[in-house]
């Protein structure tokens, strides 16, 4: 069975989703989804361990060897992210059980869990596959199900947000298939490794360049990179809290993964640098994104929206790490992907508990909540501090590596800007603290109690993880460095 | 072409009709380019199902597009940039139809030359679809399933109101007697044809997806003429919901069975002693799974959309 | 001979398309679309023979089917919203 | 360079531009979806065109033929068509719901309504609406 | 025999396409909906069947023949029924056939439209 791990990783939620639909009682469906997700989590642990021991795993689906069939190819990079996605999904699902029961009407809960598992399948599928077109198929599974998840939000603006996301996401996906199609046209293959081998022969051609262009733009739409981020804040703000937590923690990370995979594995960093000033573009977009989004975040009243903007800013950091173009920079990006998932997961889950209790995510409604829900609020504060990058939290670790990478490259100005942007983060986090702790409650909150244990536990698992990985960095830093090394070592050195 | 006219018109209804024509034309174009299966699908999906869905949702909304406050310069700029990038890309492309383009050299020859021996199905498209890249098709089935879930959850009506109100909805098109009789005559033919497409997909164009759509089209025809409530007697929504799941499970189950028998996931060779027989069995089952899911999802989509509009028409007055 | 027929069918399709663009009433459009559909069916049948592989007539059957169904759907659409029957001109 | 050999791709580009333009420039939500499907169809053309071999025939094996068009793009496009219809279906379902919730499917009207929602929240936040616009739901677990 | 079949099929194809062409022109040129549907549906039925019969002669016995037969049946049934349904629906919706005295005008003026049944 161990040899089947790569495919089991995706197949388990894939089979789980339709089974989930067959459950008559939503509560059972929820528990079943949790079971499925934790199985996937166990498999991903096994996978990471195997990759550590044996190196890259290859699994030919249908028994057809690579360029003819589809293969799964698991290396450091994606086993690390598989672990991230499946663990986040599991933790979020623990909290989902009670939160969904409150936020959604009875007859939609089963659909929610099914769509959730489908989304998980899609994300895991994107991560595991080594086939360019297969990425598109699973991308669509995950996006269609996330449109559904978002549209299940109770506010009517959820619908428009989801529609907007649908339009943008489909344009992005279509751009991606144009890119894949053009690449296929020039090389005759769809397998990523095969592409990487055959692309250098046709590197000079304009078709490959335009393929690259389409691909990057498409992924950046999915990624919500700064000028293309418009769909994200609304989508996150009005989706059910659980969906927000899951999507914020995983979806954009997977998009970043696709970007990294193509830039480094398929096209090769040399090619990318030779044809486009991609570094500069990413640098500028990343920085502008960080600042614009952080400033917007400061003015938000809806706390979900606030953190959604902060997500856009954090994506800016990740892109910045890529823009550095060194091994350390890449490692910083990978590290930040993991750490950001931890922070945002914790934050949005905590917000989910708040919504569970007071049925609103407006900051002003949260006034004075610090005394009513001390544990939840403490979680939000720690998560927020982590966003700022205060020492002892994961946020600090990833910022630290980012700054190290920047200094190594000698970009002083950018370093200073990154530090300043952290101050902006401090401002919006402070706004929350101010509302929550130092504003007297205008509305009678006496009946509000602490969140139920089933929500506090997952929140605090993530918060503790936030602190733990902030102190003991050997695992995360180790793996991301290994992954960065392998990406550079394997393909960067090729002539 | 038609597309241009679509941009200009503001009568949404006419636009939908034209987009139906557009997709018929594009299907003809596909046919001309030897893509029989694609033409088949595009005809049944683009011209059929999506037009139906558009019409069903048009019933609810205003028929005319409002005066748009264009921001044409920006839009034109973006579109122009995209088009330029693509045109720039085309300059180095291998010429249209040339046999020595890289895509005809690398992976495809094996499909064309060896698929008969390896899979034993004359329709190469089917053998790639169901076997070589069977995993993609599993994904595709899952996409359809996802769409079904999405629509079901979005257009959900609670059961009590449904039962109460369904009785008040008159059967439609009562007065079109000729139409009803003809449709009744045609229905078995259509369903038979769907089965033919389903099981003949190995030898000619067609397969689970197309068959599912045709089957659904037959049911939709029946629904349109005899009323939603009549059709619902046969296809209860809970049954439909279960069947969609069953289709996906059948597909994935075949894969798991292969795994249990010692092969890789979806490696049909191990299903029987003789690999080619195994492939046959695998493809048959897999296509059946696709067919079930597609048919039920399409029917569900149509039911959900029409039910919404019917409700608006008769009940909320 | 096939070529001639195909050509004429194309011309007729063009004419139907013009009618579909022009309107003026909705039913004209529906008629034109229907006519266009039947001509497509024929054209596909002819193209099959022209290309030497007439076993692809399945597609023509599907076209005929789809054409019929969409016409009925359209008509039904207007049974529902026939408050303003000829609100096409404007 | 022989430009004529590329005419098919140029048609693709034109169609794509039209579809894309509809998506971006129009405000009617259904029309946007139609534009999206035109856009996608253009991509299908791109794929199918690249699979065509002059003198080839449909990739269904037959003794009489030896040259076949490339079947792989056909398979990919089958998948893509399915994805397209799924997207359209979900999009239309959203449009129907939007129509129910807002009474309109014109983008600017919806934006106006959304902005109103937003402003209400803001006003409430700064204390202009004192009545119980927000109520604590039943709080017992 | 071969030649005879070929000749018959050619005659069928040519006359079928001729009918289609006339139908197409009629569809475009006739003044109102009812004359148009008259032109289109009648010639359509005849033309389509002739073309299909012509193809049948080419195909010979076999699966292709059966499929052509199916299409023929289908188009006979569906085409005529659809025309009927269309005409009926349009009449019900208040579209009125042109009388001889207002043949110059295209369609029915706004005020003269009969009310809903």
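The first chain written gets the first letter, and so on, giving A, B, C, D and E; residue counts start at 1 in each chain.
Criterion: a contact is a pair of C-beta atoms (placed from the backbone, for glycine too) under 8 Å apart; a residue touches a chain by one contact, two chains touch by 3 or more.
Which protein is which chain? UniProt says A = Multisubunit sodium/proton antiporter, MrpD subunit; B = Multisubunit sodium/proton antiporter, MrpB subunit; C = Multisubunit sodium/proton antiporter, MrpF subunit (TC 2.A.63.1); D = Multisubunit sodium/proton antiporter, MrpC subunit; E = Multisubunit sodium/proton antiporter, MrpG subunit.
These numbers come from a predicted model, not from an experiment.
The chains that touch both subunit A and subunit B are D.
Counting only chains that touch, the fewest steps needed to get from subunit C to subunit D is 1. Setting subunit A aside and leaving every other chain in place, the chains that still touch one another form one piece. When every chain is reduced to the mean of its CA atoms, the largest separation from subunit E belongs to A. Distance from the centre of subunit C peaks at A, each centre being the average of the chain's Cα atoms.
Across all inter-chain contacts, the pair with the most C-beta pairs is B-D.
Taking the mean of all protein C-alpha atoms as the reference point, the chain centroid lying nearest to it belongs to D. Between the Cα centres of subunit D and subunit E there is a gap of 36 Å. Spacing of subunit A relative to subunit C, judged by their CA centroids, is 48 angstrom.
Once the centre of each chain is set as its mean CA position, subunit B and subunit E turn out to be 29 Å apart.
Centroids of subunit B and subunit C (each the mean of its C-alpha atoms) stand 20 Å apart. Within subunit D, residues 20, 50, 57-58, 60, 62, 72-73, 76, 79, 83, 86-87, 90, 94-95, 97 each touch two or more of the remaining chains.
In subunit C, the residues that touch at least two other chains are 30, 55-56, 58, 61, 65, 67-68, 72, 75, 79. In subunit A, the residues touching two or more other chains are 133, 137, 140, 144, 147-148, 151, 178, 184-185, 190. Chain pairs that touch one another: A-B, A-D, B-C, B-D, B-E, C-D, C-E.
Chain contact summary for the complex, subunit E toward subunit B: residues 70, 74, 77-78, 81, 84-85, 88. By the touch criterion given at the top, residues 1, 3-4, 6-7, 12, 15-16, 19, 22-23, 26, 29-30, 33-38, 41-42, 45-46, 49-50, 53-54, 56-58, 60-62, 65-66, 68-72, 74-76, 78-80, 82-83, 86-87, 90-91, 93-99, 101, 103-104, 107-108, 111-112, 115-116, 122-125, 128-129, 133, 136-137, 139-140, 143-144, 146-147, 150-151, 154-155, 203-205, 209, 301, 304-305, 308 of subunit B touch subunit D in their complex. Those residues of subunit C that touch subunit B in the complex are listed here as 17, 20-21, 23, 26, 29-30, 33, 36-37, 40, 43-44, 47, 55-56, 58-59, 61-63, 65-70, 72-77, 79-81, 87-88.
On subunit D, the positions that touch subunit C within their shared complex are 57-58, 60, 62, 64-65. Of all residues in subunit D, only 20, 23, 29, 32, 36, 39-40, 43, 46-47, 50, 72-73, 76, 79-80, 83, 86-87, 90-91, 94-95, 97-98, 101-102, 110, 114, 117, 121-122, 124-127, 134-137, 139, 141 touch subunit A in the complex they form.
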